[in-house]
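What follows is a pair of complexes built around chain A, which joins chain B in one and chain C in the other.
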Partner chain A sequence: MKAMEISMSGLDVEWRRLEVIANNLANANTVSTPDGGPYRAMRLLSGPKTSFKGHMGTDASGLNGVAVYGMEAEDTPPHKVHEPGNPAADANGDVSYPGIDHAAEMMLMIKTSRAYEANLVAMNAAREMYVKSLDMGH
Partner chain B sequence: MSHLTSVMALKALDGLSERAEVTSENIANANTPGYRPLKVSFEDSLRVAADQGMDAVNAVQPKIERDNDPAEASGVRLDLQMATASVTSARYAALIQILSLQMQHARMAIGSN
Partner chain C sequence: MSTHPVAAIAATHAVTEPDALMPALTQATGPSKAGAPTHTSFLQMISDGLDKVGQKAADADAQVKAFILDDSMPPHRVIYALEQSQMSLQMMLQVRNKVVEDYQDIMRMQL
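Coming up: the complex of A and B.
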């Protein structure tokens, strides 16, 4: 049953998206990173896992579920807070805090968790079909 | 029950299992920007083929195409897709039931008494 594998790929991608969001929120106050500068919010890029044939075709061989394409840093500017006593302060006594949009992160978190649940529902529907087909003839 | 009916039921099972795959694919891509959902159609062609006889029914293949439903224009509607998933599963179960009953009848006919 390919349907269950497809739903599984969806579960995997949404789970990883949730991890990225959790990481963004956990680092909301991280002012310095190994790369220098404050932490930057990350976004998981995902899309259909298809072959060329899958893009062209109208048959089921193009259905391979979803895949993680990569990660991208958001380019929201950091916000500066005047904290002269902070060791991370610059020459003007300002500290750059990550420009994380909390509302956007929360919204994305809800969307991600809904998508995760939907994948579970689809997976259960497919599993029921599979189990039913084993019942045939009884 | 005629042989045609059971062949049609098998074809419908094929179509429904393909629809389950496509629905899973749509839901898996719920957060893919710009993704246009797919749909499977086979009922209409199966109905037409039923009037033309066994060969036509055997030739029916489920068709996967982009869904042009305006409700899905701005991306995947999770509620509609989840509804499709459960309807597909229920219909599949019903068809299995029909085929099982048919097999029971056959067994009864074969049975000694």
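Coming up: the complex of A and C.
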């Protein structure tokens, strides 16, 4: 069923988005990463799911749901805190903490959670319609 | 012509196409010939449908197993597979009900 598959792709993407947000919050105090520098908040990039077949014009509907395109680090500057005793401090005694905006992360988390619920509702509606159609003739 | 029109039609059909009522069954039971018409018989459709229901149940089973082994798997995938399996089973039951109902209607027919 296409409608349920589309909602399913939405559930997958929003689930992944929540994982990314959870990772951002978990690393809110990570001052050094293997790449060097503090942790940078990640954002999930998603967009309409396309296929080669869809691009070639054989599938006219183009309703394929959503897909994860990838992840990108947010370009927010780290905020420096003067902590001379911290082993991670630089020459000036400053520690670079990740420039994660907690309020923004929380808002995104709620949006993600609501989007997940919306996809569930759409999926249940599709299921309901399917089950109702089985009652035809009764 | 003094014969009844309906009887006349039935008679001509009986002569020209003795197998007119049973094309689906003969096609389904015999091995498909190379020159046979490509439309699928009703029995074949039912059989394919049953295979799909079985396949979905097997998929759901595999998803549940995968979920038990790997808890990083999102739960909605498992529920979706179970739901798909249940929906196709309900569809299959409805088709079966209709077929049995029609069969009983025919069996009760007054001749």
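Quick notes on this structure:
As a working rule, the second predicted complex is superposed on the first by the 126 of 138 C-alpha atoms of A that agree within 3 Å, B and C clash if a C-alpha of one lies under 4 Å from a C-alpha of the other, contacts with A are read in each partner's own complex, and residues count from 1 in each chain.
Assume contacts are C-beta pairs under 8 Å (C-beta built on N, C-alpha and C of every residue); 3 or more make two chains touch, one makes a residue touch a chain.
Predicted, not measured: the structure shown is a model, and the values here were computed from it.
Partners chain B and chain C, once the complexes are superposed on chain A, both fit on it without clashing. With both structures placed on the common chain, the touch criterion links A:Val68 to neither chain B nor chain C.
When both complexes are overlaid on chain A, the residue A:Met42 reaches neither chain B nor chain C. The superposition-derived angle at chain A (between chain B and chain C) is 40°, Cα centres, a multiple of 10.
In the superposed model, A:Trp15 makes contact with chain C only, not with chain B.
Once the two structures are overlaid, the count of chain A residues touched is higher for B than for its counterpart among chain B and chain C. In the superposition on chain A, A:Glu128 makes contact with chain B only, not with chain C. Per the superposed model, the minimal spacing between any CA atom of chain B and any CA atom of chain C is 7 Å. The contact surfaces that chain B and chain C form on chain A in the two complexes overlap at residues 1, 4, 123, 137. Those residues of chain C that touch chain A in the shared complex are 74, 76-77, 80, 83-84, 87, 90-91, 94, 98. Chain contact summary for the complex, chain A toward chain C: residues 1, 4, 8, 11-12, 15, 120, 123, 127, 130-131, 134, 137.
Those residues of chain B lying in contact with chain A across their complex are 13, 16-18, 20-25, 27-33, 35, 38, 63-65, 78, 81-82, 85-86, 88-89, 92-93, 96, 99-100, 103.
Listing the residues of chain A that touch chain B in their complex gives 1-4, 6-7, 9-10, 13-14, 17, 46-48, 58-60, 62-66, 111-112, 114-115, 118-119, 121-123, 125-126, 128-129, 132-133, 135-138.
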